[in-house]
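Can you keep this structure in mind? I'll have questions shortly.
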Amino acid sequence: MAHDYSVQELMAVVLARDLSDGEVLRVGVAMPVVEAAVRLAHLMHGPNMELIFFGVRMNVAHLHTVPLPAFAWDRRVVRWAESYSDTGHRFDRLKDWHNHVFFVGGVQVDPYGNTNLIGVGPEYRRLHFRGPGSVGTATLSTHVGRYYIVLNSHSRRIFVERCDYISAYGWGTGGADARRRLGLPGGGPRYCLTPLGVLDFAEESKRMRLHSLHPGVSREEVQAHTGFQLVMPEQIPTTVPPTVEELHVLRTRVDPQGVLRR
Amino acid sequence: MAEQERRQRIIDEVTAASWVTDGMTIAVGAPPPMALLRQLIRRGIKELTVIDSGLSLDLLIAAGCVRKVITYYAGGGFGVPVVPSFRRAAERGEIEVWECEEGILTAGLQAAAQLLPFLPWRGGVGTSLPEVNPDLKLFSDPIRGETLLAVPAIKPDIALLHAATADAYGNVQHYGGPGWLDLFLYRAADRTIVQVERVVANEDIRRDPWATTIAGADAIVRAPYGAHPFSSRGFYVQDTAHLREYLDAATAAVQSGHTEQLTHYLNYYCREPVTHGDYLERIGVKRLLTLYEY
Amino acid sequence: MAEQERRQRIIDEVTAASWVTDGMTIAVGAPPPMALLRQLIRRGIKELTVIDSGLSLDLLIAAGCVRKVITYYAGGGFGVPVVPSFRRAAERGEIEVWECEEGILTAGLQAAAQLLPFLPWRGGVGTSLPEVNPDLKLFSDPIRGETLLAVPAIKPDIALLHAATADAYGNVQHYGGPGWLDLFLYRAADRTIVQVERVVANEDIRRDPWATTIAGADAIVRAPYGAHPFSSRGFYVQDTAHLREYLDAATAAVQSGHTEQLTHYLNYYCREPVTHGDYLERIGVKRLLTLYEY
Amino acid sequence: MAHDYSVQELMAVVLARDLSDGEVLRVGVAMPVVEAAVRLAHLMHGPNMELIFFGVRMNVAHLHTVPLPAFAWDRRVVRWAESYSDTGHRFDRLKDWHNHVFFVGGVQVDPYGNTNLIGVGPEYRRLHFRGPGSVGTATLSTHVGRYYIVLNSHSRRIFVERCDYISAYGWGTGGADARRRLGLPGGGPRYCLTPLGVLDFAEESKRMRLHSLHPGVSREEVQAHTGFQLVMPEQIPTTVPPTVEELHVLRTRVDPQGVLRR
């Protein structure tokens, strides 16, 4: 039934809808919602999308099922590859990345979509929490046409007034020209997706704004779990739930093992 | 005319590991060349600067080999956002972290490979990276005056890699492309040791010269199953149960101070086996054969 | 669900050539994609900036297509130290030369590919290159203060390449590795057209993804024998007699002002054949088949 | 007979003797003497040499004959390849080039081994003679452990007091520290080989010096064909002619077609 879906499935569907045919989708490690979303978009409306998992580039719109890979460094994800690039050579054609889309997580996110994977604590040499490191997010967030911040939880610990450290630059201290002033060619973060709702960035200030509320979530609940004041429009729509067809494709062709329902 | 033979470059894993001495900078490829790394642990190498990521980095830290880490990622898989030994050692200041990022690390390795003092990079402008890593300098480019990062050359003493095949003369071929940064580590390093699943004839290499990814490794180590417990493309998948065994042991040592499990792991798998063959005996043929499953 | 097909990228050589307009910067691969270049001559394209070397560069100059040349080498083979039309046009100032060198050109293309305003290069320090090409600037590096060349980004509008095979979606594979600068031209160019000896199935590409050298050409042109009179690895060797015919004609035009032979060459081989097939008819099947000899 | 050899054969033999086992030899276009020399050295005393022709890297010490390739861009030279590198990627490991040896020509050469492939004439935009261009010589001469200047003729037109343009830096305006002062890591030019003799560079001044005279050539003849004053030692040996064995290997295994005797 279409009413019976997990919040991860909802997030995957919402993300998939926002991806356009012809785009190149770069997926990093340990992001099952994103892995499902790009496959779903590819099968639903993106026959010319290219999916890149750790340098393995594929177009699999012709396949019936595209199940999730087991692990990043796994031969099994290579079976669909049309080309492969190692990490170093992945940056050989940054010029082309205005058509690329990327997805980033964060241990902290601030009101302007700057994200932190370095760690938490005032003193860098004695962090309270040492993060995993920037992966490729500094370069990717600089160059891709747009990117999405995708988070598994929504809390005041993550959404903070100021990141202790910034590993991927979003909109800096705000303003529509923040990135242009720094000479960053990419289009910056578009949405921040969480289990509570979808956030975007106000046109002028580029401050984070509540864009839609997942079914059953209130604006007060989102604000209460956010460590800074969100821009709150008068009307905030409810996130459109998955359609029957979206859920059907997701569950039968993308995620038959139900990873997103665990 | 002098009768001379072309020199072969095959050495065993024990000899190979002896090239590494305390305090060196080593670069670890992907999949990690575990036969070589276990020998480093066995020999009690200390004070290394290590370019690596993930669980193999964590193992070297847990074994006490590491003083400084150059890494862009220390996630663990299995839902573990940060590998445990790295995390604790970094939080306590027991290891130094040279904070970087994939593109920045690539640029620094390429600079070393091309004997340039630096290469410019745009990714990282606007971030905290040049603050937490003062070796990264913002500068104004001499052509258009744009603000860029100057990434200094990053030069490993030795690159340790794992690949599919090589001939006796150091011509290395991967199946399905080289790992993450392997080619850049090779280019930047003073010397490169590659352990391979199979040693093949020179004629096999010459059948497809374009597939030669590393043309002239300094030494080749024959190490079938040498990436275990990690996967080796075209040969075997990862040994998930074994990786979990390590991760559980390291997590227990860090979170609750119970170090027995970790000590056992290090002794049983890394310190006691004299050769790679001894290690594989402890894993067992039956277990190894299950890893062929697709 | 919308029924949609993945878009194919195969176009014919006439359409492909229409992507090039007067005044553009084109980059020519190795071997030169002669089917495409002959179409440019047929269409009377003018004022091009051309990144190329050798005899194909000379032909474009002889045909009046070129205003500016970015080259590191204009030797001709056959004991001809400098190709004739290039030499005369350069000596008379009829074309502008952006003087460079293999390493410098590579750095400039890589800068464009990585959206950097420049890349540093050491080769060329001490030479006359920054004097005769003021776009190359000596500067002091921000890390160690060494003197290096700053090479500005070199960005072609279109790269025109020849390769062995491609599928309908723009996945290109070479036999035995890509030509000279092909990959760097592709990375730097806004758009890339690749003519190929054979169009193959997507499954053929996926059999060896690591062999895919260009992952996403903007257009593929099917052009068997498309590099003639040059060689195409795995398909045919160069047509030495034909190259001499051109070289003799161009030399006669330059040295003694006898342009009849060159005009005939340009008309008969480049301007009159409407399609690549028409050109091949003029060469003849018997001649083409002799080029298979090893 | 060992007495019956061409000057190009002599040059190839002299060059071959100076190459050491284990070195990597990078050969450019249109240099038959060099192409023969590296093969001869490889077969005579260099089983660990690596020969690189336009990115095609080979070790063929085990072959009986290694005839000259027909043409630069020719599939036939690839048959012996152990690896291949395109032009751009050829510079990926410059760090390693202290063990590489290279060979350069020139339309002009000055007393300090600077060479010119750009052209001749005072005005760059209106050259009297437009040269072929620098090929890869600016980068190669900067980085290789040493290089050789190899010329097909010896004349005052080529050996000039000052090159109109310098495309490969030798010893600049002289002095053993000339290259170090510029930060050039390579060892610079070692010999200049011509049909008349072998020239080297004086230890301190790095000015060109007559090193040996080919049989039948006088020091006056060399100086008369050189457009600047050569350093002339008291004793100038005669270039040691090819041995019977050298000529035998050269003619039967390297140059059976007699390219060097035309």
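Residue numbering begins at 1 within each chain, and the chains themselves are lettered A, B, C and D in the order written.
Here, contacts are C-beta pairs under 8 Å (C-beta built on N, C-alpha and C of every residue); 3 or more make two chains touch, one makes a residue touch a chain.
Just so you know, these numbers come straight off a predicted model, no measurement behind them.
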Could you see whether A-C or A-B has the larger number of C-beta contact pairs?
-> A-B
Whole-angstrom distance, CA centroid of chain A to CA centroid of chain D, is 57
Take the average of all CA coordinates in chain B, do the same for chain C, and state the distance between these two points in whole angstrom.
-> 39
Chain A and chain B have mean C-alpha positions lying a whole-number Å distance apart equal to 29
Expected list for chain C, residues touching two or more other chains, is 110, 114-115, 121-122, 146, 176-177, 183, 209-210
Residues of chain A touching 2+ other chains?
-> 78, 81, 84-85, 91, 143, 185
In graph terms, with chains as vertices and touches as edges, which category applies: line, ring, star, complete, or other?
-> other
In contact (per the touch rule at the top): chain pairs | A-B, A-C, B-C, B-D, C-D
Would you pull the chain B residues touching chain C in the complex into a rising list?
-> 114-122, 137, 139, 141-144, 146, 148, 150, 152, 174, 176-177, 209-211
Can you list the residues on chain C that touch chain A in the complex?
-> 1-2, 4-7, 110, 112-115, 155, 167, 169, 171, 183, 186-188, 202, 205-206, 209-210, 212, 215-216
As the complex stands, chain B meets chain A at residues 30-31, 53, 71-75, 77, 79, 81-82, 86-87, 90-93, 97, 99-104, 106, 109-110, 121-129, 131-132, 146-147, 176-184, 230-231, 233-234, 237-238, 294
Using the touch rule from the top, collect the residues of chain D that touch chain B in their complex.
-> 21, 43-45, 47-48, 50, 56-57, 59, 61-62, 78, 80-85, 91-95, 143, 185, 245, 249
Given the complex, residues on chain A that touch chain B span 29-30, 55, 70-76, 78, 81, 84-91, 107, 116, 118-119, 124-143, 163, 165-169, 172, 179, 182-185
